[in-house]
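A, B, C and D label the chains in the order they appear, each numbered from 1.
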Amino acid sequence: MSQSVGFIGLGSMGQPMVRNLLKAGYHVKVYNRSESRASALVDVGAIAVSSPAEVVEVDGMVVTMVSNDAALEDVTLGAQGLLERLGSGGIHISMSTVSPDLAYKLAELHKQRGSSYIAAPVFGRPQSAAAAQLKICVAGSSIAKERTQPVLQALGQPFDFGEQPKQANVIKLCGNFMIISAIEAMGEALTLVEKNGMDRSAVMSLFTQTLFACPIYQTYGPLIAEQRFTPPGFQLQWGLKDINFFLDNASQVYAPLPLAHLVQNRLLSSVAKGRGESDLSRLTQAISEDAGLEVVP
Amino acid sequence: MSQSVGFIGLGSMGQPMVRNLLKAGYHVKVYNRSESRASALVDVGAIAVSSPAEVVEVDGMVVTMVSNDAALEDVTLGAQGLLERLGSGGIHISMSTVSPDLAYKLAELHKQRGSSYIAAPVFGRPQSAAAAQLKICVAGSSIAKERTQPVLQALGQPFDFGEQPKQANVIKLCGNFMIISAIEAMGEALTLVEKNGMDRSAVMSLFTQTLFACPIYQTYGPLIAEQRFTPPGFQLQWGLKDINFFLDNASQVYAPLPLAHLVQNRLLSSVAKGRGESDLSRLTQAISEDAGLEVVP
Amino acid sequence: MSQSVGFIGLGSMGQPMVRNLLKAGYHVKVYNRSESRASALVDVGAIAVSSPAEVVEVDGMVVTMVSNDAALEDVTLGAQGLLERLGSGGIHISMSTVSPDLAYKLAELHKQRGSSYIAAPVFGRPQSAAAAQLKICVAGSSIAKERTQPVLQALGQPFDFGEQPKQANVIKLCGNFMIISAIEAMGEALTLVEKNGMDRSAVMSLFTQTLFACPIYQTYGPLIAEQRFTPPGFQLQWGLKDINFFLDNASQVYAPLPLAHLVQNRLLSSVAKGRGESDLSRLTQAISEDAGLEVVP
Amino acid sequence: MSQSVGFIGLGSMGQPMVRNLLKAGYHVKVYNRSESRASALVDVGAIAVSSPAEVVEVDGMVVTMVSNDAALEDVTLGAQGLLERLGSGGIHISMSTVSPDLAYKLAELHKQRGSSYIAAPVFGRPQSAAAAQLKICVAGSSIAKERTQPVLQALGQPFDFGEQPKQANVIKLCGNFMIISAIEAMGEALTLVEKNGMDRSAVMSLFTQTLFACPIYQTYGPLIAEQRFTPPGFQLQWGLKDINFFLDNASQVYAPLPLAHLVQNRLLSSVAKGRGESDLSRLTQAISEDAGLEVVP
C-alpha cells in the first residue's frame, strides 16, 4: 500500500521534487496558486486540488515549497490554509527558505494543534532537485523527523540539526551568506585582476580547479569572470531578502557581522539600480563600476 | 647527464621542494641563512654552499623560496647576492610570495644584465610541497619559462599567466585574499550559529561536505569550528603582509575593494592583540569576541 | 483664560518640559507610568492623573515624551490610551524618538478619528530642555501645526518639515546617525593619536576650538578623550535602537549607507559586551581595544 | 631692524601668507617653481629669487608651503635645495601637509647638520590664510619653536604639540580624516533624506544651525546638500593622498580604523571615476549613485 503526501508550491524547485516523490511511489496531491503549473504533473500521476487545505490527508504529511514568508503564511494560515486541516498527528514539512521568526511562529501554532512543523530548507538549484540531490537541513521533533525520513530521502540528503525548527532556517541563511560572501570575494579579486590587465577567466579557472574546486565557486566563478548575469539561476533580490533575515537574526542575538553588512549594502545598491531580477552574481557589477570599469553584461 | 639547479631558502617549504628536485635527478646546490637547515638535505645528496652567489652555475637556474621581500632582496641584491653572478642566460625562478613591486624591480634588474626573472609563487602548504602538488602561478619571458618547465613540474603543477612577472604575484595575492575572505565568512557564520545555541562543528561539517567541499574550506573549516589556532600552518602576520601588498596594488590601480579592507582591519587588530604568530584562522577569534563570546583557544 | 495641555512621560526630559509649559501659563495635566515622578511637578502647579486618557481635554492637545515605540503605543492605543479619548479636533504632539513606521501608523489612526498627530521629535539633552532650547523637528497637518506653535515655542525652537509626520522622525534619526558617526570619527582619530604617543585631550581640544567648534563635538569630544563613559547622558543602547530604525528606513527605500552599518556594528558589539547602559560615547572603547590598547574607564 | 624670512611655495595658500609676513614687517625672499607666481608679491615688497637655496639667510628661517611630499623633498634635498644652505642655527618651518614619514626623515637630516625642522601644518583655506587665522599644529625642538613664534603668529594661531615634528603631521591628518568622515556622514544622511522625498538643503540647514554649527559642517553642508562640486576648494585627490598617509601611519602602529578604510574606498572610487580634481565634497556623489539616484552636479 503506497503512502500519500501533499505538496504545495510547484515552481522550478517544486516540479522536479514532486516527480521524485511520484517515482518513489507516493500518491501526491498538489496545489499551486496558478493552477496551470499542475498540469504536467497530473500527466505523470499527481492529483491536482484547488486549495492548500485539500492536499491534506488525515494524519498526513504536507510538503511546502513556496517563494517567501508571505506565501508560506498564506498557504498555512489563510482561509483555505493547511494548518487547521492538518489535525493532530499531521506533519508540515516546510522546505522553503523563510525567516527563522516565521519558522518559530508556525512551529508554535502547529504544536498548539497537536501537529508537527518540520523545518527542512534546502541547498541546491533545480537540477539538483531533479537529481534528488538536494542538501536538506532538518530540524523538528524527533518522532516527526523519523516519519518524514523516507520523504526527505526521496528528495535528497537530509542533515539533522536538532529539535528546534528555526535553527534549520538559521543554517540555511548561513549557507546563503557564505555563498554571497564568496561571490563578493571573487568579484573583488577579479576586479583587481582586470585592473592589472589580466584575463578574468584564466585566473578564475586556476582557483576553481585548485583551492576552490567546489560547487559554489565552480557555479558562480565563470558567471562572474564572464559577467554573464542572465538568465538568473537565483535572483539577486532573493539574496537580499535572505541577507536581511540573516541580519535580523544577528541583531536579535547581538552578533556584529561586518561582512554580512557589506554584502547587504552591495545587494541593496544593486536592487536600487534595478538589478534585482538578474542573477545573484550580478552584485559584482558594482565592484567593477566602483573601480571605474565599464561592464557590458 | 643530469642538470644543476641552485636553491635558496630551506624553510618548511624549501626542504621538501629540494627533495623533489633531487628525486627528479637534479644536482642541487643549496643555501640557507642559518646553515643548520642544510644538513638533512646534504644527507640525501644536496651540496651546501655558504653564500647565495655560490649556488649559481654558469648559465644556470636558481630557485628562491624565502620568507619575505627583505630576504629576497638580500639574497638577490646583497653583497653575495645571486643577481651579479647569474650572468646572461641565467634564470632566477622566484617562488616566494613577495610584492608585485619587488617582482617588477627585480625583473628589470635581471633584464638589464641579460638574465631572466621568472615569478613562480605557489599555493600549497608543506605537505603539498612534499607531494609535489604545489599549484604554481608562472609569469615571465616565454623562452625562460620553457627552460624552467621540467623544474616546475618536479615541484607541482604550473599555470601560465603571461610574460610580466609581477602579474603572477598579483594572482598569488588574489588567492590569499580569497582564502582570508573565506575565513572571515566562515567565522561570521559560525558566530551566528553559536549565538543561536547550535554546534559549530556540525554546521561547518555540512558545508565542507557539500557547497564548499574544497581544500580551503576543508582545511580551515574545522580549525575555525573548533577554534584550534595552534600550531600555525600559516602565520596570521604573514596574511596581513599579503593583504597589505594586495591593497597597495589596489591603491595603485584605483580599485576600491571593501572586503579586502575589512579583512585587513581584522588582521591588523589581531596583530595588535598579540596574535600575529598564531594560525591565520585565529582572525576569527575577534568575530566571537565582538559578539561578546568568550574564546578559549 | 489660560489653555490646557496634557503631558505624558515625566522622565529626565519630560520634567523640565512640563515646568516650561507651566511657566508659560498652561494648565498641565500630567501622567507617568510610575506615579512618584509626578509629585515634584504637582508642587509647582501640575495636576496628576492616573491614566493616559485622563490628561485629555475636549478638543485638546496632548504632548507625549516617552522612552520608546512600545511605550508610545501603550499610552496611545492601550486600554486607557489617549487615542480614543482625543476626539475630533484633538491634537497629539508626539515628541519621543520613535520609528517612522510607528509615526505613520499612529498618524493614520488619528486621521481616521478626526484628530491630528503632529510628530515633533527633539534634539537636546535635559539641560537644553530646562533652558527651553530644544530643537524641534515638526511635521503634520498645517492647521494642527499652527495651533501647536505656542506650545512648541514654550519648549524650544520648532523647525517645520512639512505635512507628513514620519518625515520629522526620519530627520531626527538622521541627526542621531550624524552624532554617532562623529563619535566614531573622534574615537578613531584619538586612537591613532594615542598609538602615536600623543595626548588625546590636547588634540581633541584643538579640534573642538576650531574646525569642530559646535555642540556635538564639544559635548562628546572631552568624554571620548578622557574615556569618561559614566554617568550616561544618553544610553548606548538607545543609540543602537535609533540606528536600527535608521537602517530599517534605509532598507525600505533601498539606500545603502555603509557608515550607518559600521556604527550599527560598533553599537551591537558594545551591547553584546554589556555596555548598553553606559553613555553613547563608550562605543569608542572598542576602537581602542581593537588596536590593542587597554581602557580603564 | 627688521628680520628676514625665506618662503618657498607661492600657491593659493602661500600668496596670502607672504603678504601677512610682509605686513608684519619681515623681509621676505620668495621662491616658486613657476616664477610668474612671484610678481604680485614683488610689487608689495617681496624679493624673488631663482632657487630654493637662495631664500636662505645665514642662521635664518625658511617657511615651505608646497603641494606634496615630492615637492617638499625637491626644495629641501634637491641640487639647489635649502637643506645644505641652511647651516647650523637655521630653521626650516615646514607648513605643507606631508606624510609623517617624510617629516621624520627631514627632521633627522636637519638635526645631523645642526639646523632645526619645525613641522607646522595648518588648517584653513585661502581666505583663512588671508585673514591670518590659520590654525597651526606645531612640533619640534623647544628652542627653535620659540624663535619661530612671531613668524607663526603673523600667519595664524599656533597650537603646540611637543618636540617630535612628525606628530604635528599626524594631527593634521587626523583633522583631515575627521573632515572627510563628516562629509561621508552628511552625504549618507542626505541620501536618506532625498530617498524619503524631503528637501536636502532644508534638513542640512537645521543641522548646521544647531548640533553642527561649526566651520566644517557649515562649509561642506551646503555644497553637499546642493551637490555643488565645482570649483574645488580642496581637490578630492588631495583628500585621498591624506587618507593614504593616515592609513599608512595606522598600519605602522597597528590601529584598525574602519571608518578611515570606508572613506579611503569612497575616495579611491571617486578618483577611478575621474572625479579627482573636483571638490572633496564630491565623494558624496557615489553615495547617491549607489542608492540609484541620479546626480547632475
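Heads up, the rule we're going with is that a residue touches a chain if its C-beta (ideal position, glycine included) is under 8 Å from a C-beta of that chain, and two chains touch if they have at least 3 such contacts.
Note that this is a predicted model, so its numbers are computed, not measured.
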Statement: So the chain most remote from chain A by C-alpha centre is D
Field: Interface residue identity across copies chain B, chain D - same or different by half
entry: same
Distance between chain centroids, defined by C-alpha means - chain A, chain B (Å): 38
- prompt: When the centre of a chain is set as the mean of its C-alpha atoms, what distance in Å lies between chain B and chain D?
  reply: 41
Query: Taking each chain's centre as the mean position of its Cα atoms, how many Å separate chain B from chain C?
result: 54
Statement: Two or more other chains are touched by the chain B residues 250, 254-258, 262, 265, 269, 272, 290-292
- request: Could you please specify the touching residues of chain C with respect to chain D in the complex?
  value: 123, 135, 137, 159, 161-162, 167, 170-171, 174-175, 177-179, 181-182, 184-186, 188-189, 191-193, 195-198, 202-203, 206-207, 210-217, 246, 249-250, 253-260, 262, 287, 290-292
Field: Touching residues on chain B, where the partner in the complex is chain C
entry: 258, 265, 269, 272-274, 286, 290-292
Statement: chain A residues touching chain C in their complex are 244, 250-251, 254-258, 261-262, 264-266, 268-269, 271-272
